[in-house]
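Same chain, two partners: chain A is paired with chain B first, then with chain C.
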Partner chain A sequence: MTMPHLVDDTAPAAVTLPKARAGNLWLVAPGVLWMTLFLVLPIAMMVYVSFWTQTTFKIEPTLTLQSWITFFSSDTYLGALWTTIRIWLIVLATTLLVGYPAALFVGLFVKNKTLQTVLLVLCVIPFWTSFLIRVLAWRPMLGKEGAINLILMKLGIVSQPIEVLLFSDLSVIIGMTQIYCVFMVGPIAFMLGRIDPSIIEAAQDLGAGFWRIFRTIILPLSMPGVVVGAIFVSVMVLGEFATSAALSGRKVNLLGNIIVTQVGSLKWAFAAVAGVVLTILMGAVVAVLLRVVDLRKEL
Partner chain B sequence: MTAVLHLRNVVKQYGDSRALDGVSLSLPDNSYISLLGPSGSGKTTLLRVIAGFEQPEAGEIRFQGARIDALPPHQRGIGFVFQNFALFPHLSVEQNIAFGLTNRAIDPVTDGEVVRRKVKDMIALVGLTGLEDRGVSQISGGQKQRVALARTLVTEPKMVLLDEPLGALDANLRTRMRSELRSIRERCGVTFLHVTGSETEALAMGDTVLVLDRARIAQQGDADTIYNRPSSPAVARFLNCYNLLPGQVSGESFVSSVGTLGLGGLRQTAANPTYAIRYDRVSIRAKDAALADGETGIDGTFIASEYTGSAVNAFFTLADGSIFEVEQHLSHAAPSTFEPQAAYRLAWKKEDALVYA
Partner chain C sequence: MNANGIKLGLAFYTTLFLVFLYGPLVVLAILSFQTGPEGGPQFPIIEWSTYWYKHLFGLTPPSRIAPLPIEEGLVRSLVLAVMTMIVSTVLGVTSAQAFRTRFKGSGVVFYLIVLGMMVPGVLVGLGMALVANTLGIDRHWWGTTFVLHVVYTYPFAFLVMLAIFNRFDPSVEEAAWSLGVTPARTFRKITFPLIFPGVLSAMLFAFTLSYDEFSRTLFASGRDLTLPLAIYGTFSVEVHPNVFAFGVLTTLFSFALLGTYAVLMSLSVRRARRVLVQEDA
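The block that comes next holds the complex of A and B.
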């Protein structure tokens, strides 16, 4: 073995925590119990039920792949899966597009901490009304004779009402972006607020202009916030059904809507298949997002 | 010696208080300048105004002959080393140092080979060889200091501003970095303006020492002049080595609240008449000892002493309750012992005193 060239006084010393004694494990018991009963068991049950035999009027615990085969050979279900992924990607992009500049303003350019908090609280105010009301409120805004069309026609910008505004992909995307944007703004603004202002001054002093500093310093340092925000938005959008039900006129069917209708018509096995597919999709999305940034290192 | 930086009547106001109240100065090229001031004297503000992070309300800043007041920081060509180093936390040592070269708006270096060579030379200059690929959270305080310095120096600024660069280091490292900083500066041949609140650091490091007091430059000179002939009672107070006695000049003597003192040494004008005598110019005698010719003195009651290794600092209270400090060097004498609460005669040569009146 050779001696290291430099005496290393900085390597983090190997910290050995005393082994958790059996007594300490009781601290996690309530949590483990709760999660087992209400999360792990239901998920296991859902996977199990997805293999049950579904007939028109009843369901039997005879194991079969029939529901899975039906799901993956049906245009309706695959279409719903594709729509879910498409809407999710678009909403992710729009929340980022709308949320990042807002977060940049609140987290970086508002120097006053009180004002920063006030602005973030303002973002949360829409949450004081119920989810359904927030969704339904978009109808009188976007409808054929809704506020937006009325104003555009009064101003003479359009002669015919724009019909694509409501009961379309667009209305679902507009609604979801508005509802989930704040989950993007929050984590990003938090990360940006943690950037030491002198780091940005140092970059300026070294001769870099604003866009260069944004690309090389601000964006990389805010990535953990983007990833956390993207996880929030993804998990919520992938499991969505209410916004598309209320604003798409049943034209946009997400996996969530499929599950709701299948459960409504007591097709438990199909609902379970859709549920498992959705869970796997979410798991995959979160896993990929966590690959982007090592959150343990950054937070 | 040619001057590289000129400030004329620079004013910076925060609300009602003036952080800089008409600062004028002129800094020589290729030298080490230390700027001494107590906390709140405006020294960090002065640096930030020169660097361009703050806009002055009035005045003129000239750098290498051209006015730079209106330029943004990234166009000034002045390097800034932050007190907390402000390293880019997501970049390695090497990437931190290369940042300015590749990302500056004016004349960026696009040739990867040139960048690598310059960064390698700079890493060798500041003594960081072997740590190129480390993350900046994986190196020690002294190494971070070197990265911060290298990151600035590699862009070849004509002047480097250092904001209490040694403040975040432990005492041992601080002394080592002092000589290191001076030798790095000599190798680069640029002007360093080093801000500090420590008088020993300012005197040890600066070819020229500036003293900032209440938002103005109180004195500019070499270390010896500043230490031996502070231009005002305030400067003498920062130096932390003068006993200051307020009073009035009356004929050939200085009447203070603790007694009448003989005049002799340098006299300078000041608003508040003050008599200053250095800690190490005073000798401690028995209470009734006679004063020799050319000497003057007062009586004090011994309270306590502090052993610092090379010297002993003895503290006395005077008639008006103020504290009088005497430093006795131990190189030629064993430490003497004094009786607590006993009275002694404190004597010094008249010509050693500085009088402001």
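The block that comes next holds the complex of A and C.
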């Protein structure tokens, strides 16, 4: 995983001949133009359209706050906002809980570099299959006649198949945890791998137990990794709609799902409002996470 | 610390973690060999067969289950991925080349580029659809979708190339310049061979990210579906094992791609080493 800040601080250090410098502008201009036209302009358009007047079938560029008022006085929209925040917080916690011990093993306990690489590659390989197929793969796992119920019944742990496994909050959370936890494991393992072993040895020599070493050395030093992982997971989970559409049977409606349905029924202004709310939410989350740990200093 | 006990526990946990990562895919692969057309997407396997693989290619007698509409989608997705790969790699290499010298506003430009991979597909997709609507442009996979795919993959190419240029010794280029070689020729003869592994990685990133890209595509493409959109279409209806069979095939395709990349990479590393040996001799 490439850390943007890491690259930024060290990047343009090389000094080349002045002849090359004049060409700089021409080299970077196409990229800047592309991003301005196809990234900044669409986002600005979304903000602008959220203030347009929505009639039944079309939108008119007459500025109004009506769509915003509708959004914040509708139970459906506010419910979706609340669901988005709830699912995001839960998935953030589960990816951290599920991912941290694995990262701890790979980053700190595996001393053999080859084995370390093999384990990290094993974590990344599922990303080479289609995202949608990975989501869909949970259906035969979690369904009423799915693999998990089958195993639990064979083992005699349950007598009736558990029905809440699929098409519920739980299935969305399980699916998202599996898909996104690798983004936690990577950055945390990276930070843990940089801990100087002599620090831990010194603590051991002074008689500290594992928990004390974990609390006072390992956990604080891994925090930048946790924050980077949390940023990745947050941005992706907040922008989700496919997993909830496929695994919740339309019971879990995130802001992303609202946007998809509103666009489907040509309610562009409402979709734009939901989009702007999502953007603000995401910006706030990333800003808070960056406050927790000063990445520039830590990396 | 009682390191051995904890290490053993964590090793066991990591094994479970890998089972969690791979379990669903393994189950999906097993179920793709369910008998058809009466076998459903669940256990038990009534009889092992390759029916659903044949079904994908239209080799089975017609049944009530319609074949997946993947043929045209596959072609579109491949063409789109190649277009995206070429443009984003070129943009990535040129911008990273510009970043080798500090210029005014380089910080802003850096964040502008990286923003492309951070902003969720729903938001850019929606924004692009709104822009196209307002300007009266038709949405197509080769137009609006294509530019968004580049917005997404170009930052990856850029970061990969930035990392490559960071470890790059500028003195070899300076030597060429001082000998009077033109910058264009220097780039072709000196710089490009040295950064080739990075270019290869950037291309791999761009191709696979675009080939699998879904949320941007959903909003920005018109009536013609790409492969991920065709798969998404099956979500709302009853799922049959033919989707699973398709999943297995597309996974194998990705691995083939990864294998090609590994071979090309090791070849270029070996060539570089041979050149080095010749110089030493």
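In this section, the second predicted complex is superposed on the first by the 268 of 299 C-alpha atoms of A that agree within 3 Å, B and C clash if a C-alpha of one lies under 4 Å from a C-alpha of the other, contacts with A are read in each partner's own complex, and residues count from 1 in each chain.
Methods note: a residue touches a chain if its C-beta (ideal position, glycine included) is under 8 Å from a C-beta of that chain, and two chains touch if they have at least 3 such contacts.
Worth saying up front: this structure is predicted, and the values here are computed from it rather than measured.
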If you stack the two complexes on chain A, which partner ends up touching A:158: first (chain B), second (chain C), both, or neither?
-> neither
Contacts of A:45 with chain B and chain C, given as first, second, both or neither | second
When the two structures are laid over each other on chain A, which of chain B and chain C touches more residues of chain A?
-> C
Return first, second, both or neither, reflecting whether A:115 touches chain B, chain C, both chains, or no partner chain.
-> neither
Contacts of A:93 with chain B and chain C, given as first, second, both or neither | neither
Considering only touches as defined above, state whether A:145 meets chain B (first), chain C (second), both or neither.
-> second
Please indicate which partner A:35 is in contact with in the superposed arrangement: first for chain B, second for chain C, both, or neither.
-> second
Who does A:209 touch here: chain B (first), chain C (second), both, or neither?
-> both
Partner chain(s) touched by A:199 [first = chain B, second = chain C, both, neither] = first
Of all the chain A residues, which ones make contact with chain B and with chain C?
-> 10-12, 204, 208-209, 213
Once bound in the complex, which stretches of chain A touch chain C?
-> 2, 4, 7-8, 10-17, 19-21, 23-25, 27-28, 30-32, 34-46, 49, 98-99, 101-102, 104-106, 109, 119, 122-123, 126, 128-134, 136-141, 143, 145-147, 150, 178, 182, 204, 208-210, 213, 235-236, 238-239, 241-242, 245-246, 256, 259-260, 263, 268, 271-272, 275, 278-279, 282
Contact residues on chain C for chain A in the complex?
-> 1-3, 6-7, 10-11, 13-14, 17-18, 20-25, 27-28, 31, 41-43, 91, 94-95, 97-103, 106-107, 109-110, 112-116, 118-124, 126-131, 133-134, 147-148, 150-151, 154, 158-160, 162-163, 165-166, 168, 170, 173-174, 177, 183, 208, 212, 214-215, 218-219, 228, 231-232, 235, 239, 243-244, 246-247, 250-251, 254-255, 257-258
In the complex with chain A, residue positions of chain B that touch it = 51-53, 72-75, 78-80, 82, 84, 86-90, 99-100, 103-106, 108, 130-131, 138-140, 143, 151-152, 155
Given the complex, residues on chain A that touch chain B span 5-6, 9-12, 196, 198-199, 201-209, 212-213, 216-217, 220-221
